[in-house]
Amino acid sequence: MSLDLFFQYLVAGITYGTIYAIVAIGFNIIYNTTGIINFAQGEFVMLGGMIGVTLHALVPMPVAIAGAVVVTMLVGALIEMLFIRWLRRPSVLRLIIITIGLSIGIRELALLLWGEGVRALPYFTGTAVTSLSIGDVHISPQVLWVLGISAVMVAALNFFFARTLLGRQMRACACNREAAQLCGISAKNMVTLSFVLSAGIGALAGCVISPITYVQYDSGTSLALKGFTVAILGGLGNSMAAIAAGLLLGSLESFSIWVMPAAYKDVIAISILLLILFVRPTGLFGNAEAARLKDY
Amino acid sequence: MARRRNLPIVVLALAVIAVQLASAAAGKPQYLTQLTMAGYYSLVIVGLTLLMGYTGQISLGHAGFFAIGGYTSGLLTTYNLHPRGGGGLVSLLQATGLLVAGQDLYGGDLLVVRPWAACLIAMLVAIGIAYLVGKPVLKLRGHYLAMATLGFGTIVYKVVLGSSLVGAADGISDIPAFPLFGGVVVTGKSALRVHNYYLAWGLVLGAMALLTNLVHSRVGRALRAIHGAEDAANAMGVDTARYKLNMFVLSAALAALGGVFLTHYNGGIGPSEASIMKSVRYVAIVAVGGMANLWGALIMGVLLNFLSLRGSFGSYDDAVFGLILLAIMLFAPDGLLRVELVRRVPGLRCVFGQERAP
Amino acid sequence: MKALGITATFIFTTILGAGAPQAKGPTIKIGAIFSTTGPAANLGGPEARTLEMLVQEANQKGGIGGYQIDLVLKDSGSSPEKAISLAKRLIEEDKVFAIIGPSTSGETLKIKSIAEEGKTILLSCAAAEAIVNPVASFVFKVAPSDSHAARRIFEQMKKMGISKIGLLSSNTGFGKAGKEQVEKLAPGFGIQVVANEVYDKDATDLTAVVTKLKAAGVQAFINWSIEPAQAIVIKNARQVGLSIPIFQSHGFGNIQYAKAAGPAAEGVIFPASRLLVADTLPADDKQRSVLLKYKQSYESHYKEDASTFGGHAHDALLLLGKAVDKAGTLDKEKVRAALENLQGVVGTAGIFNFSARDHGGLGMDAFEMQTVKNGKFVVFSDTAAKK
């Protein structure tokens, strides 16, 4: 294989990887504050894309994206208040099943609202055929947009959780709910906030990736599956690790296509994930002690 | 104690007969078709209830085992060995009576594996895979276990979808009937509808008898201990790893059994049987039934599958499912059939009141 | 026992809502099974909407053959096991006269024998050759055959001097059926398939797959799918600098994908029914009036672009109506025989000529080679391609 081709496969891998990673980050925020996996996270991504496209018919793109993020955040808040907030000491399994139910419900509502057609925002830079080239290696500028926005997102989140009072309060709730409450933190508000935050991040992801992937009422499910895989591969709760794991999984998938039929791409990716889990049961960068605390 | 334990089984048997008589009396024998199909799906559901409710291990990949059973048996009974007749292996198999010759619908010569042998092989394959997968997977906990089982389900789905040997997206069609013994045949032919209904529900009854007795035995107590506190159970000398694996394999075997029979009943199988949505549905039904409640899961499973298969929910099939799931998890997290009100009714107490894990 | 029967009837009918509303005059009950939801919703959605619209229209004008249509529409969610259950229900319980659908080949193949045994006419909207070969007397299909589409593509390739191609298809029934025909027919045209890849229908990006095509040095490639992936694949091909001719299947005949791919869709060549280019057809074209009528009523009724898949439901109802008219009775065997002998029926997919041996009815001329120009479908011509 020539060097050009090698790099072209690598570029493809980076494209896959950034899409997975940006979805995975949303999973981590709710996990960090509540210890649950929100199976409706993919639907936030889908909603963001759908609302963004709908608004874009009326307003310029940056406004449409901002609007989509805000509306999806409101949806996230509403969902948490209606379905989660008032539960008394829910078990983790119960929460997982509630979020699965929510995911199905949002998907069906989207089918009613938007039908089964596909939509997309225009490319942020250039058009569907634009690409940046180095020699015979080509990359769509949109991939760089996704990568850049993921990086900014992770940096902002790290700052938020490490440096701001609100962020620290959220982390405190994740560590020890009772102790946090004794210190005067409203754990309930923190959980709401985590849904709002991850809905917003999901929506932003949905807008940024939609020129590449398109968005359809059911596109959340398969994105969530990949995002979940990447979040687990990196180790739950670690957004930086999610990006690394995303790029790793994306590259594995891409290079697997070089040697194997593309039909088995997911089989290979998941087999590798399983093997890694058997050796490191808490993901590549996960902390066994931390994970144990959140087990049900 | 044993008599009280077996009472629900007798009640179920009577209910099975009553439903058949009622459907005949009402002139709606066609309902038995979907009840038969729902019965086979119930095998998956009660097996999964044992695993999730009593052992506390989630599996988001049980549709995979159902599909392994159905696909293996379907492939073996349709893969035509006739063009390879005379080859060493084929002649050997023929000599042992494992093969059966016949003609397809349009007059072509067929030489395929006997359904009995195919069924046994399918079960062995499913059990073998469950054992191999279960051993490392069950060491994982929480979300990691959920992901690993989900991953297993996805692999099965993508493999059947990507392999032209099993028809890729079209699946396998024209799978022959499965003659069991005497005149009993697993087939979708409407003339044999009633006896297939009893066959399916006979299997469900057998599975329920096995499982209810299991959860009341020493094994059941060990399982509840694992569910309650795995480390403590381990310390008390319960070989938790072995129990978990055995239950995983048992539930996988029940799922595969359902898969084999339904595939022959339907005369075909497609990749949708292996899809993640199917696995999620099974888990949801277990939850809706009350998690550690075999009877609740059985009743909810039959009801929901029956209505869904009849197309009663139209295009809102998934939506209705999601709503039921949400409503029950929000307002009756112990399952619909365990609400205290139901338990207070004296006659129902013995049916619903016993299986609660401590 | 009688009391038990009455109680049971009451329970079954109230709980399960059995019993259809009574229509006035003689009625014909038609069942339909479409994948309105699930992975094949792209097909089933327009099909179901078309049928609902046309049945309403037909009933206002006195029904078909003098019979009011009682439509029982069911959604299979793209699952064969559900299609099986629904087909049994429609045949044994609802006692429908005929079934239109299912949308996918996998589902159709599962219920082929059920329709045959139940002696109920099945008009499938799926394309696989196996649906009508071997012929089952009650099973027909209205979607054009993949082999015809593949032949049209190969003829075009020969004209362009292409002999080394890549083949991409999605892991759906539609992709699979096309892939098989392309593989089977290519050698006969002296065309060599040097790269052959199947990708996931939910694929979000296909850069690696087109890179593989690039590495194989193909002169052109065919993509065979119905999902958004068919727009993604042409985008990715252009992005990695593949400037070779791109051919698509008739699955591309849905303007939303051409719109989604934007400039990448320009110049893509594909065979499809004339529905898409109805307004540019010459005035003496046989199909023109049928196509325009369907297209305009669908688009004004639903405010969305008509696709060839909705057209299949149109053709199925049309053919059934003609057969009932011709037979003049609601005898299943007589209508079946009439259907089998229909000749020259102008539908949206082409002109149907059924016979006892051909239950597909469409010829190679059902397809017209088309391309995308300035975001619109136009008839492809060699001179235009040369710029």
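Labels for the chains are A, B and C, by order of writing; each one numbers its residues from 1.
Rule of thumb we're sticking to: a contact is a pair of C-beta atoms (placed from the backbone, for glycine too) under 8 Å apart; a residue touches a chain by one contact, two chains touch by 3 or more.
If you're wondering where the values come from, they're calculated on a predicted model, not measured in any experiment.
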* **Lowest number of touching-chain links that must be crossed from subunit A to subunit C** => 1
* Asked: More C-beta pairs touching across which pair, A-B or B-C?
  -> B-C
* Structure fact -> In whole angstrom, the CA-centroid distance of subunit B from subunit C equals 34
* **Between subunit B and subunit A, distance of the C-alpha-averaged centres to the nearest whole Å** => 33
* Interface hub residues of subunit B, defined as touching at least two other chains -> 158, 161-162, 318
* Two or more other chains in contact with one residue: find those residues in subunit A. => 261, 263, 266
* Structure fact -> Multi-chain touching residues of subunit C, meaning two or more other chains, are 37, 171, 198, 200
* Asked: Which bits of subunit A are touching subunit B when the two form their complex?
  -> 31, 37, 83, 87, 90-94, 96-98, 100-105, 107-109, 221, 225, 228-229, 232, 236, 261, 263-264, 266-267, 270-271, 273-274, 277-278, 281-283, 291-292, 294-296
* To do: State the interface residues of subunit C toward subunit A in the complex, per the touch definition above.
  => 37, 41-42, 45, 171, 197-200, 202, 204-205, 207-209, 211-212, 214-215, 228, 231-232, 235, 238-241, 256-257, 260-264, 304
* Where on subunit C is subunit B touching in the complex? -> 1, 4-5, 7-9, 11-12, 16-18, 36-38, 74-75, 77-82, 84-86, 88-89, 92-93, 104-107, 109-110, 112-114, 117, 128, 134, 136, 171-177, 198, 200
* In the complex of these two chains, what residues of subunit B are touching subunit C? -> 21-23, 25-28, 30-31, 33-34, 37, 105-106, 158, 161-162, 164, 167-171, 173-174, 188-190, 262, 266-273, 307-312, 314-315, 317-318
* To do: In the complex, go through subunit B and note every residue touching subunit A.
  => 58, 136-137, 139-144, 146-148, 150-152, 154-155, 158-159, 161-162, 276, 280, 283-284, 287, 291, 316, 318-319, 321-323, 325-326, 329-330, 333
